[in-house]
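Scroll down for the structure; my scribbles are underneath it.
Chain naming follows the written order as A, B and C, and within any one chain the residues start at number 1.
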Amino acid sequence: MALFLQRLVDGLSSGSVYALIALGLVIIYRGTGHLNFAQGEMALFSAYVVYQMGEWGLPIGFALMIGLAVGFVIGAVAEVGLVRPVSKKSPFAVFIVTIGLFQLLNWLAGAIWGDQVLPNSGVGSEQQQYPSLFPDAPEDFVKVFGAAIRYQSIGVFGLTMVITGLLFLLFNKTKFGLAMRAVASNTESAKLVGIRVNTVLMVSWGLAAAIGTIGGVVFAGINNSVSLGLMFTVFIYGSAAATLGGFDSPGGAVIAGLMIGVIEGMAAGYIGFIGQEMKLAVAFIVILVVLMVKPSGLFGTAKVERV
Amino acid sequence: MKSLFTIKDGSAAHWALRLLAAAIVVAIMLWIPTKGSNGLVTSATEALTLMSAAMALNLILGYTGQISIGHSAFYGTGAYVTAILVSKYEWSPWLTFPVAFVIAFVVGVLVSFPASRIKGVYLALVTLALALVFPNLLRWPKLESLTGGGPGLPNSDSALDTTGFDIGRREGQMRNFEIFGWDPFGDLRGQGAIPFYYWIAAGIAIIVYIVIRGVVKSRAGRSLIAVRDNETAAAVMGVNLVATKAFAFGISAGLCALPGSVTAIRLGSMSPDVATLTILGSLTFLIVMVIGGAGSLWGPVIGAALYVIVTDRTGNWADEEAIPGLLRPFFGWSKIPPGTGIFAVTLIALMFVAPRGLVGVWKQYSPRIVRVVPRPAGLAAATKPVLAAVDTNTTPEGESE
Amino acid sequence: MSLLSVSQLRAGYGPINVLHDLALTVEAGEIVVMLGANGAGKTTTMRAISGMLGRSGDVVFEGTNISKATPDAIVRAGVAQVPQGRGTFPELNVEDNLRAGAYVRKDGEIDADIDRWFDVFPRLQERRAQRAGSLSGGEQQMLAVARALMSRPKLLLCDEPSLGLAPLITQELFAVIERLNRETGLSVLLVEQNANLAMQIAHRVYLIETGRIVATGSADELSADDSIRKAYLGF
């Protein structure tokens, strides 16, 4: 029982990270119809920024604020400067641009901070560990039915739920949220009712990047370190979640992310055959199966393709 | 548009031009191993394997329009097939090439079946996942007896020692290159092996080029282009979508495995840590292909050459001293070599100014110098897409313009 | 001064120029109808006025030149369009569609207006929580009109509202438009292929052919002219 609970909570914790990445992907896809390949690396870069703020002695709260701002700006600038001008040309060009952005952000992080795992006293890091949002010492856990549930796991899950709730409010109870939904539904008509579509798109990307940043920071906190390859697999898991949930359903993305986290944790733990190395294959298979059976995902709306 | 020279397709002048171009290429290819330094030959070998992989990717990305960032897995399949067969079963390396091709072909066809139902970006995700899973698959303890495993963690050292085989570097193994007892290359021990690897890589590159050219210019090739341009219309015109895509993907995968085998032979060892077997490899193929020019036969060639040149020159630029003075302010601050960053920026910039890559730019401006005028229609097989004739102006339903 | 004054309007799609020095006016309180065949340039004109595509020439609304304005500024100025093909937000429910229509407004009477339009179009009220995409063609058209009116425009542009609708529904719709014009002084520019119904509510009519105005006059005048009637109006 204790083991089961342990695995469940761990699964929800990592699932929360996947959910956050998936949320970012879905917000962008709904607004612009593009898949943002650079989603993970935008989060990565901001996570490095938060590390740097920690190096300079800022408490994690402020560091996170700055990280969020940086993330938002990266997303907004990417949309205005790179994606929008190119989207007139072809979807292929947009795809290549996001791939290029993926590479660029990853390289830039390495160029600024180097390619070793950080923090690293060998290169002069002040911090022992990557700054964590939640109490992270070995003794910070609560015992439930014999399982040691870390505060961090609870915190990560709780934070994700709060963010999901806030987004729900944004989309459904605010004027700007209505504008975002309108643009996602019919961009031309959105213009005709006086919505500034360009602004909505830019903010959508910024918002998505900011949410991704939280995911990156949280994940680095769980890992206690940040490195250049941190977000590769998380991006895949997030994409699997977005696919499973349906690329146009934010709620679906969150649920799917949690599901994948739990399934992956359970499968790896209980089905010894799979083991740690092949957990990623689980995500791969999920994406493949969903795309073959119900391409619009569990909660997405099927689109009829006009010839 | 004025041209300096105008020549007719198929005329003597045209043939002379083509022969000249071919002669130049052959001359370069001969010069490198005979007169070039060992470093240059090794770089050229890397460029040739990269070219082959990029050309293979081009078949589905440039011509069929299917996105794949998973070709590192096919490359790795080739590398490991060769590594396993030679080190565990003592096969002759020559025989591993066709086996690698076939296995990768089959995998490619299998992957493409779900792929034929999913579009663009979804396919990109699936292939990305494939690229990420592949190194993990190699490290899987369940397969360790076959693949030599690796401890399963990216930053452990032991992987390099345990995956072991040696080709061509030790005396006892030389006999594996014999063809029915005849050793075509003489003594290849030590430094002598370097030009040898170059020729293997060149041979593979030429084979890949010929196969792709054959496919593209054939009827099957035109089906591919039709699928890229408008799937639904192609299906209506009788193109078997699933078979076409599966065929293309299979060939592309199989061809991509060959340079992997070459690399296995060249390195003399293989491990999941080799960068080209990871997602970084896939991205490199993609970058090379797009910069050179997607959808053109020579694009990957130019792109690969450029990539290797730049990467080699800037490889040690993490150390500020190594950078030429003028460029120091631009790159000196960086903790890692700037190569990847340069290419990332180039990739993005290209989408703005030259989406068809360097070859696209060449095709745009070279007609100003020499223009080839096609022969009158009525002769056999144009290579234009099947759909040119179908491209009528239909107004969308309901619009009154 | 005319409410809307268009002159020397050129617009098109890329290299193709559809409108050639088009000129028309709409006076305050008028219903103006523009008739023309498929491909004549009616939708291009509407889109040009609303700023949805590149255009050159003069478009003056209430004395302000809007020929270089962005679509949202034009809506704020008081011009709202019911686009061809309805253009509803299919994933949003009926009420949200209406709310979106009021996007540019900052006053507190939006809810009251929503109720008012539900009175005018009772069928929409029945379906207020339903996704707009699941409504019938006629209902979507009413929704599109109500949505455009939510911004309290001074000029309503309607692009082929009868397209794809049963004649009875079209009559109902035109009756609503005519009533609004009569009771509130709403000015309307309506483009149509279907001459019959549109002419019945028009104060003035323009005939457009290949991007140019070829005739203009009151509905009676144009019906009286035999050659015009036969060539353009089909009866």
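Note that contacts are C-beta pairs under 8 Å (C-beta built on N, C-alpha and C of every residue); 3 or more make two chains touch, one makes a residue touch a chain.
In this text the structure is predicted, and so the values were computed from the model without any measurement.
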Best-connected chain pair, where connection means C-beta pairs in contact: A-B
Chain closest to the middle, measuring from C-alpha centroids that were averaged per chain: A
Per Cα centroids, the chain farthest from chain B: C
CA centroid of chain B to CA centroid of chain C, Å: 55
Interchain centroid distance [CA atoms averaged], chain A/chain B, Å: 32
Distance between the centres, which are taken as Cα means, of chain C and chain A, whole angstrom: 44
In the complex, chain A residues that touch chain C: 175, 178-179, 181-182, 184-186, 188-196, 301
Of chain C, residues touching chain A in the complex: 50, 52, 70-72, 75-76, 80-81, 83, 87-92, 96, 99-101, 103-104, 147-148, 151
Chain A-facing residues of chain B, complex: 65, 67, 69, 114, 117-118, 120-122, 124-126, 128-130, 132-133, 136-137, 139-142, 152, 154-155, 232-233, 279, 283, 286-287, 290, 333-336, 338, 340-341, 343-345, 347-348, 350-352, 355
Complex interface listing, chain A residues touching chain B: 34-35, 37, 82, 85-86, 89-93, 95-97, 99-104, 106-108, 110-115, 117, 229, 232-233, 236, 239-240, 243, 273, 275-278, 280-281, 283-284, 287-288, 291-292, 295, 305, 307
